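By letter and in written order, the chains are A, B, C, D and E; residue numbering begins at 1 in each of them.
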Amino acid sequence: MEKDMERRLYADTGAPEGSPVVNPDPRTLGDSSNIQLFNEQLKLLNSGLTEEDRLNFCDTPPEVIKPFRGHWENFLNWARSESLWILGFGTGCGAIELRPLMTSRFDMYQYGIQPRPTPRQSSIFVIGGYASVKTMKRIVRSYEQMQGPKFVLGLGSCTINGGMYYDSYNTVNRLDHYIPVDVYIAGCMPRPEALLAGLMELKTIIKEGRGEGANKYAENFEWYKANQKRIIKDWNMPDYNW
Amino acid sequence: MVNPVFLIAITLGFAFIFPLFEKINPKLSRLAGILVFLTLVVIPLIWFINISNMDIPYIYSSTVGLPSNLTINLAVSYMEALVLLVVNGVGLFVYLQEAYSKESPWKGKQIILLSIVMLGANGLIITRDIFNIFVFMEISTISLFGLLSCSSDDRVFEGGFKYMLASGLSSVFYLIGIGFFYLVAGTLNLDALPDGINFTGGVLGVLWPLFLLSGVLIELKPAFANGWGMDTYEAADYSLGAIMSGIQATALIIVLTKIIPLIESNIIMPLLLVVGSITFIISHLQALGQSSFKKMLGYSSSAQIGLVLIVLGSGTNILLAIVLLLTHSVAKSGLFYTGKYFNECGSGRDKPLLVVLSSLFVIALLGLPPFPGFGAKWTLLQILGGKSDVFTIFIILLGSLLEGVYLFRWLGLKIKSDRDSGLVVSEVVPDDDAIPGYSSSDTIGVASQTGLAGLGGCIKVHFSSDSFSYHQLFPALMAVIMVVSGVVFNKGVGLTFRFLIPFSGILFFVVLDLFRVPTKFQVFLAIVASIILGFYVYPELNGFNTLFGFIFLFGIGVQFIAFFNRKGYSPGLMALTVGLLVSLISILTSKTNFQLFFSWEMMTLTSYFLVLRGDNAFAGGYRYILFSLASAFFILAGFSMLHGIFIGEYMSLPQNLLPVILIIIGIIIKFAGIGVHIWLPVSYAEAENDVSSIFSTVLSKVGVYMLFLGGLYFSKRVFKGVDTMYLLGWIGVLTSVAGSMMALFQEDIKYTLAYSSMGQVGYMILGFSIMSHLGWISSLYLVTTHMMFIGMLFLSVSGVIYRTGTRLMYQTGGLIKRMPLSFISALFAIIALSGVPPLSGFGAKWLMYSALLEKGWYLQAAMAMFASGVAFLYLFRLIHSIFLGQEKAIYLNVKEAPAPLLIPQYIFMICVMAISMFPNLLIKPLQTVIEPYFASTVRWEGYEVISALGYWNGNAVMYVTMGVFIIPLIWLLIVNRHVYKVKQFNIVYAAERPFKPETTHYAYNFFGHYQKALGFLVEPLISKFWNGTGILVNNLSGGLRRWNSGNPQGYVFQILLYVIFLSFLMGGTN
Amino acid sequence: MMTNLLFILAGALVLVGLWGILTRRNIFKIIIGFSLVDTGVHVFLVAIGYVKNGTAPIFDKEYSSLHSLLNTVDPIPSALVLTAIVIGLAVTALMLSFAVRLILKNRTLLVDGKKELKW
Amino acid sequence: MLSAILTKTFYTFISLMVILNYALLLIGSMARIRAKVQGRVGQPVWQPYIDIIKNYGKRTAVTHGVMFYLGPVFRLAGGLGTYLFMPVVYGFVMFENFSFSGDLLLVMYFIFFGQLGMALGAGESGHPYSPLGVSRGLAQMTAFELPFALAVISIVAQYGTLSITEIVAAQQGGWQNWVAFTNPFAMIAGMLAFLGMSMQNPFSVVIAPQEIPIGPPTEMHSAFLGMLQTNRAIFNGAKMVLFMNLFWGGATHKYLLVAILIMVVKTFLIYLYVNIVGASFPRFKTEQSIRFFLGVPTIIGIIAVILQSI
Amino acid sequence: MIKRFFTIILMVFFASLFFPLVGLISDRDSVSSLAKDYLVQGRDDFGAANIVTAVVVSYRGLDTLGEVTVLFAAAAGISLVFKGLRNEGKDKKYRVNPPSEILRTGARVLLPLIFIFGVYIFINGHLTPGGGFQGGVVIASGILLAFFAGNIKELNHGFVTFIESAAGFSYVAVGLLGIWLAGGFLDPRFLPMGEFGSLFSAGAIPVIYSLIGLKVGSEMSGIIDAIRSY
């Protein structure tokens, strides 16, 4: 079933033979056989780093953190949903659509949403449109630096299937192969209203306790890393950016 | 009793027979020479003992066996015996040096001439005939010329020719003088002068003294007519310099003392004073610009003669002049020799004996303790002060300071290490490429090596056979004799036996050094010694003294532990440090001004040499000693006007303003008040780390002690309508602002700390100057606690420097992981230092502001608050740059600071914590100390101290703080369930990763914006001012130097002019 | 009268000598000047000892010492001059020898020809 | 003894709860007011509560070291201490806190406690922007400390006491007795200094979000950030209470609730003033703000002191 | 020019120091009291006909001893001065003209006379004008002549040194004998006074003068030799 969906999605990409570096054959997706992430102590190898740099980076892998049960978790989820802090990292052209949200016309503050300049403090990452390979590296790093629970909102068609850049040599076609995405907002570009709607959708998801992207990422860590490492060739950061 | 004529007969007989003797057996003849010279020493010694024991005023001998008025008489009194003893001692010394010198020993004619020189000097001293003086003068000069001719430098003929012209002229004048004298007096015999004749009436009466004096004075090389002598000094061998200044000049002064009584005192005294003053100042200035060591010493001799002339002219006890003269004689000749060996061996750092000897001789020359010149100068100034002769006091002290300028410069340049550029380098931050390479692994080795060198950069020495020759033993012997005689003399002036005993500790450790006892063992002994010292002096301490005694003993004693970190053998270190401790304690136990000043100078000297041990310490040490000297001289000038009343007895001190002002200025210089602070940072920074720490913790408090000692004596003095204490208060607060501001912009951590000390001492001064109960408590409280927390900070930083090998803060970083214990200590220290509650530093602030506000010094209070804010800034910078932020790759293997450095820190920390918890532990004793002076204005309710304005309960503050700290901490521990410990590069870096700790660590130019805003406040204007002063003095010196053009005719011209100048002084041209 | 004349002579000698020292640049002439000064002083000393119509203080068997008091010159200055002359001789000799060395070294007779020692 | 301690603990708790809730609401409502001024709806008044809860509720956190961990604790302790060392409402034991352990000087210096801790925590994070922000903050602090100190000194000179309680007591009896009117220069200097203290525009270069992403707390997150936010509320409240006590007559009435209400009104107005200034002026650079504080406000402060001392 | 001007001014100053005296002082009528004592007692004390000699050798004997020393020192100094030079320029040879016939013959006649004259002068120093110094210089001039005439090629250093040392040492010894045998240092009265005016009179004065003469003669010869041998 899963496989089928993959095929369906990727059958008509029409990518030229052999060329797409960034959009691999779906059959090889998540194939981590040629990368090694862990050593015997189940610490990260950080093989992209030099010997010296390894001393300076943390080598703990992410782990799945079980949510609380019952009302307490619901309460916390409510708080999380009502206090969405957006990471101020405009990864693509869609970032321009974030700005109107702050204005008096849309005023995202009234929904408890506000921008934050550092990933440490943010809980939601809005991927503003197409993600090139170069940006992808930064996206991964920033996403990993956010503290869970954390949510990702893919903005625009480009994050879904590459959009108008579907056949570009360096644009990622589908975001959720690399980081878990909670909400996609289609459109090129979607208007701020759509964005707001997406955020509202996210709120609902969080309140329902489905916003477990961080745990998913940790769970499928090797799968994601395999995908990321396949496209990011100059991997000079640790395997998990704390 | 030995007939004085034997001195002459023996010497002359030896000189005459020597050529024959030498032909027979050269070795034996040289031994005989020793015998003869020894006899020359022994005979006066016998006289000296006899005269002082048997109470004979004179030993008298008329030569031909006829009534004394008919012949030439020789006479020896107490004074002559003393002078002979010393002069002949110097002669013996020169003989031993030269007749047995390794390369080209003197023989034949040279030895003959040397003995004739001695003959001349002896004759000059003992003869009582005015023409006979002429003969002996010629004997000594001509034999000197003979000796000159075998100098190694053949320029000596030029100098010698000039000398001959000059001395020929002076003997011509002297002869003319004799002629006139004979015309007037009808006799040449000084003991057979007819009574009742006015020798100085009429034209003739003016002429004979004019020419006689011209003859003698010109031979004495007075300023503006001494170029010929100086040229000779430059070219002549060291030995001849020693002879000229050590033997001849001394003898000639004795001649002068014989002539002076003949002349009416209202003519001669002012003349000598003027001539002496001019010579003293001008010659020192001229010496200052010399690059030739010998010439410098030559000018110095001339200046010293000027000093003796001043003493003679001021009509004080002639014995003082003699003591000064003899000290000079021995010290100068000793210095000529040690200087010779020193100059021959390049950097003298690895020649401990020479270092010690040169230092001792320089100190003796300057009239510093423990040498006789010190007591003599002191007595002299006391007498002058009693006469309110401010001008002479000023001249004497100014000249002495100028002398210090060049002598200490020479000494410092000789002792400095080869790496030392001699400049104040660390005020400039090196270029970035000086940062150790990022990934080169061998820099670790380099770093640790330099670290070792930084701390262990002591005078690395050993008595290897090639650097040591037994010739140096003779100067050593001389130095020992001088020290002994100095102690004896100074004891005579006013030191007690009990007072002197602790100083023997220095000797003890010197002896240990001689036996190469390892430093660690010495440190152990030093700790024991300080405990013994504590018991020894405890009965004598009371009031402030107890408190400061505790600070000094405890502070230094605890920091002795840090010395255990020294590796190997550091000669002199413990002797000096113990010396410093003893001096400090003696300052406390002093019962008279003399004892106080003696200890003060000993403190200055020991600390100066401690500074000099640093690797780059030349400039620092130089500034340190100059300003310390200036400070000491101001205090000395002040003391001289107190009529001998101990400054501690403020009730009975004289009420005039001048001494107060002088002493306060001295103290201001000593605590590095704003404007005169430039010595402090560089000297504290460039001393070795553990030594700097002692300086900053303990030594910086001594100025404060001095203030408290004078105490109320300083208060309520009005200077131009303003209370002096008000001015002092402003100086204190400005010092603290300036110190803090300058500490803010330093990259070099030791400079930061040094400026910090300066600023903190400013607070103490401010507290003192408030002159109220609370003000004094605050000052003393700060004195005590500052000692502890600056000690923690300095030692913690020492550990860092020791491990990393760098003093530049931005080069380190992230060391909290490697050196957590040091970090904790530094953290507590900066909390306390910046006055943040709940630690004891806040107590100081609270007391200070309460006192200031109570007094009504509102603006000062605001300034003090500003300064404390700035202090907070640099302290944060310090701890951040070193311990926090990014760790450098080369310091990954750095270990925690060694235990000897940590232990004292934690001892201090325990004290700080105790005082913080229970402020009454400290404040209540302080109250009892201050009670005799001021009625208490604070009261206690349990742990709460209540002043007129506010209240503070240190105990409660501590508990509340602990409460508000621990509860959130527990909360955080509960809430934080999954905390991942990450590494230094795991930071948000704009979605990138950092690559180099060096570029990620924000530490360089940390307060750049502050500099932009207020940098104009720390423009080095004051440094510029002092540099300018230095340049001015140098230029002045250069200009004055040019007066001595080197042209023989010019010199003759000068001499003739000088005679005319003298004639004007005598009013004789009418 | 005689004394005054001698004084003038002595003064003139001294001044001439000084003039020579100050203005001649030839080193030997300077030494000659110095000798002149010296001589002037000797003359001065002798003049001091002069007594009106005095004779040399040398006795013979006839000359009683009492008588001599009246018409001998003062013997003391004479004795002094004797000493002074010898000393002057010694100084001059030494000065000349230094001058020789100086000239040989500097290759000039001028006293200020080459100043190596100054300031 | 035990009952005294328990009572004190209880009172302290009440006092803290009051200030915490009040300050949070104040921040929220002020944000709302600003939004209204800008024509927005604005965040809910209780938004600060949500933010704090969310931050405490984060599942993971990273720590850079012990000081990083303790930094926020220090900061909060500093805020709590500052608040607890002064009386909040005059005349009620419940709200006199621990003001018996020290006077005005203690309060002024305890502010440093939190600053230092935060600075250390920020420093250990290893992020270059954190110390950069700290250095700016500290630099500004020394600058506004001067006019503030002058104002305080002027008041102390005026009333001859350092005790906050007594200063408040001296201002009773009508608005004309307030320092603001009896010693207007001190008030002006103090209120200008307060602008710097509150780190709003134009003195917000410390956190400059776009330049050095919020400065000192760049690496702070999760519960650490929650702690800082808690402190921000309490510390702000403490500062405003301090200024109210010093310049605006304190808060007192025979009924506790009315007294608290007076406090609420006064502090609200003080905060409003800060926000109005903040909304109206652009940001100063560090050196500019240093120069500013050492200029006019300092001169005014000096005038205040001089006026009081003659 | 300006230098000369200043020199003139200086000279004027000096002249003004000296010359007021000329007017003030006239010839003295009598000697000073000290000189009177000498003149009165000199003959009785020492039996010297020449009072100046008595003063020089006895009353102020210490001066004379000093004077000898000065000369001694100067001689030593000069020899040192030229010794340095000798070491420097050993290879330099100056051609010396051989002495002329007249010089050689004259010297042969004169030399004995000169030496005898010199000895006469110092032996009779206590009776007639003259004395040790004068005699010594005369002897030294004889030596100089001998050098010029080529009678002596090289001075016998050992001999000269011996004379010099022995004479000097004897002088000191005689002085010391004065202490032990007579009144004081350099007291010549330990030898019989002899008959006034005769050669062997005046105690040890002739001895002293002879020693001085020998010493001065050898010293001066030494100086001549030092300069010559350069």
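By definition in this document, a residue touches a chain if its C-beta (ideal position, glycine included) is under 8 Å from a C-beta of that chain, and two chains touch if they have at least 3 such contacts.
Treat the numbers as computed from the prediction; the structure is a model and nothing was measured.
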Task: Give the chains in contact with both subunit A and subunit C, ordered by label.
output: B
Statement: Chain centre (avg CA) closest to assembly CA average -> B
Chain pair with the greatest number of C-beta contact pairs: B-D
- line: Farthest chain from subunit C by C-alpha centroid distance is chain A
Query: Farthest chain from subunit B, comparing Cα centres?
result: A
Query: In whole angstrom, what separates the CA-based centres of subunit C and subunit E?
result: 16
- prompt: What is the distance, in whole Å, between the centres of subunit B and subunit C, each centre taken as the mean of its C-alpha atoms?
  reply: 50
Query: Taking each chain's centre as its mean C-alpha position, how far apart are subunit A and subunit E in Å?
result: 120
Query: How big is the gap, in whole Å, between where the Cα atoms of subunit A centre and where those of subunit B centre?
result: 72
- request: At least two other chains touched by the same residue of subunit D: list those residues.
  value: 59-62, 213, 218-219, 222
- prompt: Where in subunit A do residues touch two or more other chains at once?
  reply: 58, 65, 118, 120, 242
Task: Would you give the residues of subunit C that are in contact with at least 2 other chains, written as numbers and ranges?
output: 14, 18, 22-23, 76, 80, 83, 87, 90-91, 94, 97-98, 101
Query: What are all the touching pairs of chains?
result: A-B, A-D, B-C, B-D, B-E, C-E
- prompt: Which residues of subunit A touch subunit D in their complex?
  reply: 58, 65, 67, 75-76, 79-80, 82-83, 103-104, 107, 109-110, 112, 114, 117-118, 120-121, 123, 147-149, 214, 242
Query: Which residues, counting only subunit E, touch subunit B once they are in their complex?
result: 6-7, 10, 13-14, 16-17, 20-21, 24-25, 32-35, 37-38, 41, 45, 58-63, 65-67, 69-70, 72-74, 76-81, 83-84, 158, 161-162, 164-166, 168-169, 171-173, 175-176, 178-179, 182-187, 189
Task: Report the residues of subunit B in contact with subunit E in the complex, numbered from low to high.
output: 3, 5, 8-9, 12-13, 15-20, 23, 61-66, 69-72, 109-110, 112-113, 116, 119, 123, 127, 129, 131-132, 135-136, 138-139, 142-143, 145-147, 149-150, 154, 157, 182-183, 186-189, 192, 194, 203-204, 207, 210, 1053, 1056-1057, 1059-1060, 1063, 1068-1069
Field: Contact footprint of subunit D on subunit B as seen in their complex
entry: 814, 816-817, 820, 827, 830-831, 834-837, 842, 845-846, 849-850, 853, 856, 858-859, 861-862, 865-866, 869-870, 872-873, 876-877, 879-880, 884-886, 944, 948-953, 956-957, 960-961, 964-965, 968-969, 971-972, 975-982, 984-989, 1000-1003, 1006-1007, 1009-1010, 1012-1014
- request: Show which residues of subunit D lie in contact with subunit B when the two form their complex.
  value: 56, 59-67, 69-70, 72-74, 76-77, 80-81, 84-85, 98, 100-106, 109-110, 112-113, 115-116, 119-120, 123-132, 134-136, 138-139, 141-143, 145-146, 149-150, 153-154, 156-157, 160-163, 213, 218-219, 222-224, 226-227, 285-288, 290-291, 294, 301-302, 305, 308-309
